[in-house]
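Next up, some structures in C-alpha cells.
Next, two complexes with chain A in common: one pairs it with chain B, the other with chain C.
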Partner chain A sequence: MENLLITAQERSPHVDFNFATGLLTIAGESYPDDASKVFGPIFEALDSYLAEVQPLPIRLEIELVYFNSSSAKALMNMFKRLDQAAIAGQKIDVYWRFAAEDETMREFGEDFSEDLSALAFHLVETDGK
Partner chain B sequence: MTSESKSKGFNLFEAEDQVLARAKDLAARVEQVPAGLQDDILALVESYNLVLKEQRRLVRLSDRQQSQVAKLNKELATRTAQAEDALAKLKAVQESLVQAEKLASLGALVGGVAHEINTPVGIALSCASHLSDTTRHLKTLYEADDVGIEDFEAFLTQATDATTLVVDNCKRAAQLIGSFKQVAVDRVSAERRLFNLEKTIDETVTSLSPQIKGAGHRVEVRCPSDIMIDGYPGVLSQILGNFIMNSLIHGFDGCARQGVIAIKVDRVSLNSIILTYDDNGKGIPDANLSRVFDPFFTTKMGQGGSGLGLNIVYNLVTGPLGGTIAVTSAEDQGTQFKISFPPVAPI
Partner chain C sequence: MLAARYQAFKSMMDEQGIIFSFSGYLSEGVLYSLGEALRHKMTLEETDVTTVKKVFSVFVEQSQNIIRYSADKVSGSAEQGVELSSGMVTIGREDGHFYIVCANSMRSEQVDRLRTRLETLRNMDKDEIKAYYREQLREAPEDSSRGGTIGLIEIARRASAPIEFDFQPIDSETEFFCLRVSI
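Showing the complex of A and B:
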C-alpha cells in the first residue's frame, strides 16, 4: 500500500502516514476553504489501513498551531472513527502536541479526549519550537 | 455539506446525516401509533434537521471568519516586516549621511588649516628670499673687495630682522599645525582624553576663522582657563563647528549687521558645566524652532543643506557628552543654544 504524504500549504497542514510503521503525523495550520481536501485523503487512507488483515498499532501525532471549525469537526470525526476501531481491538495512541503557553490548544485536546472511550489520548506539552 | 465535498466521498456531517435519515425512517414507520405521537416524532425530526442546518451554517461562517483573521494576521506580519525593513534602511541612510556630514566638516577644517598656515609660511618665505638677495649682494661686494663698514652693518641689521621673522613665523606655523593636528585627530579618532576646554574651543574657532573673518564676522570666547574635561574633544569641536557653520549659513545670511558669535562657559557646580552659544543673527522662526533637532529638517533643501547639522549636535550632546541641549531664539535678534554637560563624560 502507498504511504500518504502531503506537504504543508499556506492553509493546510503537513500530513504523513507511514503504513509500514503505523505512524500518522498531522502538523501545522489547518484552515482550508474545503476541509474535504485535507481530511478526505486522511480518512480514505485510515479506512484502507484499518481494513488490512492485521494492521500495526496506530500512532497518531497531531501538532496543530491553528485550525478552523471545519477542521475541528473533521478531527472529532476522525477520533470517533479511531475510537470505534480501538473498541474493536485495534491499538491506537493519539499524541496531541501543543506549545506550553498555548492554553487554547490544550483545552481543545482535553475537550476531544473527553468523548473517547478506548482510544489512548495523550496531551503533550512542547517548548513551542 | 457542499456537493464538492460529497463528490469526494467525504462528509463532515456524515454521522449526523445518518442519524437524521434513521429518524426520518423511524417517523415513517410509526404510522400505526396513537394519533399525535407521530406528529410529535415528525416535529422532533424536523427540529433536529433545523439544528443540523444551523450547525452547518455556523461552521461555514466561522470557517470564513477564521480564514479572514488568518489572512489579516499574515498581512499584518508582512506589513510589520516591511515597516521594520524600511526603518532599518532609513537608519542606515541616516548613519551614512551623518558620516558624510562629518567628512564635510572635516573638509572645511582642512580648508581652514591651509588658509591659516598660508600667512606665516608666506612671511617666512619672503623674509628668507629677501635675506638671500641681501647675502648675494654682500657676496658680490666682498668678491670685488668693496665691502664698506656701513654695508656690513646694514647687512647685519637686515639679516637679524629677517632671521627673527623667519623663526617667529615658522614657530607660528608649527604651532598652528600642532593645534590643527589635534583638532583633526580628535575629530577623526573620537578618542577620549583629558583636555583643556578653553584650548579646544580656541583651536576650533581658529580652524574656522577664515570662514568667519572672511565674511566679516567675529567670535568672542569667554571660558575659564582651568576647566579640564575628561571626555571627547573631537565631539565638542564638532558641536561648535556645526553651531558656527549654522550661524554663518543661516543666522547671518542676508543679515545687514556684523555677525557676532559669543561662546561662554560657566562652571555651575562640580558636576555641571554650561556652554552658551549665542549669535546675533536673524533667528529661527517659532514654527521651526521645535524641529531644528529633527533629522533632515532644513530650510536650505536643495541648496546644500542636509538637515543633519543640529541633529548630529543633539545626538553628540545627549550621547558622548552625556548632557542636555536647549535652544531659544528671537526673530531678527539671534539664536542661543545652551548645552549642559558633566566634566566627566559617561562611560
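Showing the complex of A and C:
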C-alpha cells in the first residue's frame, strides 16, 4: 500500500500517513469551503489501512492551529470512525497538540474527546512557537 | 472634487473604526487574502492570540456563508469549482471590541429558517451555546445546508455579546440579510 503524503496548501493542512509505522500526522490549518477535499483522502487511507489483515496500532498526531466549522465536523466524523475501530479491537492513540496559551484549541480537544469510548485521546500542551 | 469625494467616503469608514470593508464578489481566494491581511494587522497591533483567532474564525465562517448562500452568485464549471458570490464583509473596532459584519442578498423562502436559527442562538447563554455546538458536531450533516448550522453556532460561540441580525426585503423573491458579531 502507498503512503499518503499531502503538502500544506493555503487553506489545507499537511497530511502524512505512513502505513509502515501506523503514524498519521495532520498539521497546520484547515479551512477549505468543502472539508471533504481535505478529509476525503484521509478517510480513504484509514479505511484501507484498517482493512489490512493485522494493522499496526495507529498513532494519530494532530497539531492544528486553526480549522473552520466544516473541518471540525469532518474531524469529529474521523474520531467517531476511529472509535468504532477501537471498539472492535484496533489500538488507536490520538495526540491532540495545542499551544499552552491557545484556549480555543484546548476547548476543541475537549469537545472532540467527550463520549469517545475506546479511542485513547490525549490532550498535549506544547510550548507554541 | 474627486479627492474630496473619496476622502469623505474614507473618513466616513474611519469614523466607524473600520479596519477594512469588502463589497463585491467574494471567492475562496479573496477570503484567503483578506484573512491573511486581517491576521497580519491584528498581530502587528499585538492583539492577544485568542482574540486574533476568534475574529479570524468569525470572519471565515461569515465569508463562507456568503460564498455558499448569497442569492447573487456566478459559478462556472469551466474553471473547476469557481464560485463568486456577491456580498459585503466589514471588520472594525468599537469601544475596545472588534466587530464583524457580513451582508448579502438571499432568497426570501430561506429567510424564516435562518431567522429561527439565529433567534435560537441569540437567546442562548455561553454554556448553552457550547452544549449545542457539541451536540451538532455529532449530528449527521443536513442535506441542503453544506454545514451552515454548525458555522452559525461557531460564530455565536466566539461572540462576546449576543449576535445582532436583520432582514430587509429587496423584491418579492429576495431579501437583504445582515449579521453583526462583536468579539
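Here is the rule we use: the second predicted complex is superposed on the first by the 129 of 129 C-alpha atoms of A that agree within 3 Å, B and C clash if a C-alpha of one lies under 4 Å from a C-alpha of the other, contacts with A are read in each partner's own complex, and residues count from 1 in each chain.
One rule holds for everything that comes next: contacts are C-beta pairs under 8 Å (C-beta built on N, C-alpha and C of every residue); 3 or more make two chains touch, one makes a residue touch a chain.
The structure displayed is predicted, hence computed values, not measured ones.
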{"item": "Touched partner set for A:70, first chain B, second chain C, both or neither", "value": "both"}
{"item": "Partner chain in contact with A:21 - chain B first, chain C second, else both or neither", "value": "neither"}
{"item": "Which superposed partner A:114 touches (first chain B, second chain C, both, neither)", "value": "second"}
{"item": "Contacts of A:44 with chain B and chain C, given as first, second, both or neither", "value": "first"}
{"item": "Which superposed partner A:3 touches (first chain B, second chain C, both, neither)", "value": "neither"}
{"item": "Partner chain in contact with A:36 - chain B first, chain C second, else both or neither", "value": "first"}
{"item": "First (chain B), second (chain C), both or neither touched by A:11", "value": "both"}
{"item": "Contact residues common to both interfaces of chain A (with chain B and with chain C)", "value": "11, 31, 33-35, 66, 68-70, 73, 80"}
{"item": "In the complex with chain A, residue positions of chain B that touch it", "value": "1-2, 4-5, 8-15, 58-60, 62-63, 66-67, 70"}
{"item": "Complex interface listing, chain A residues touching chain B", "value": "11, 29, 31, 33-37, 39-40, 43-44, 66, 68-70, 73-74, 77, 80"}
{"item": "Of chain A, residues touching chain C in the complex", "value": "10-11, 31-35, 66, 68-70, 72-73, 76, 80, 99, 101-104, 111-112, 114-115"}
{"item": "Chain C - residues contacting chain A, complex", "value": "28, 32, 49-50, 53-54, 56-57, 60-61, 64, 67-68, 83, 133-134, 137-138, 141, 146-147, 150-151, 153-154"}
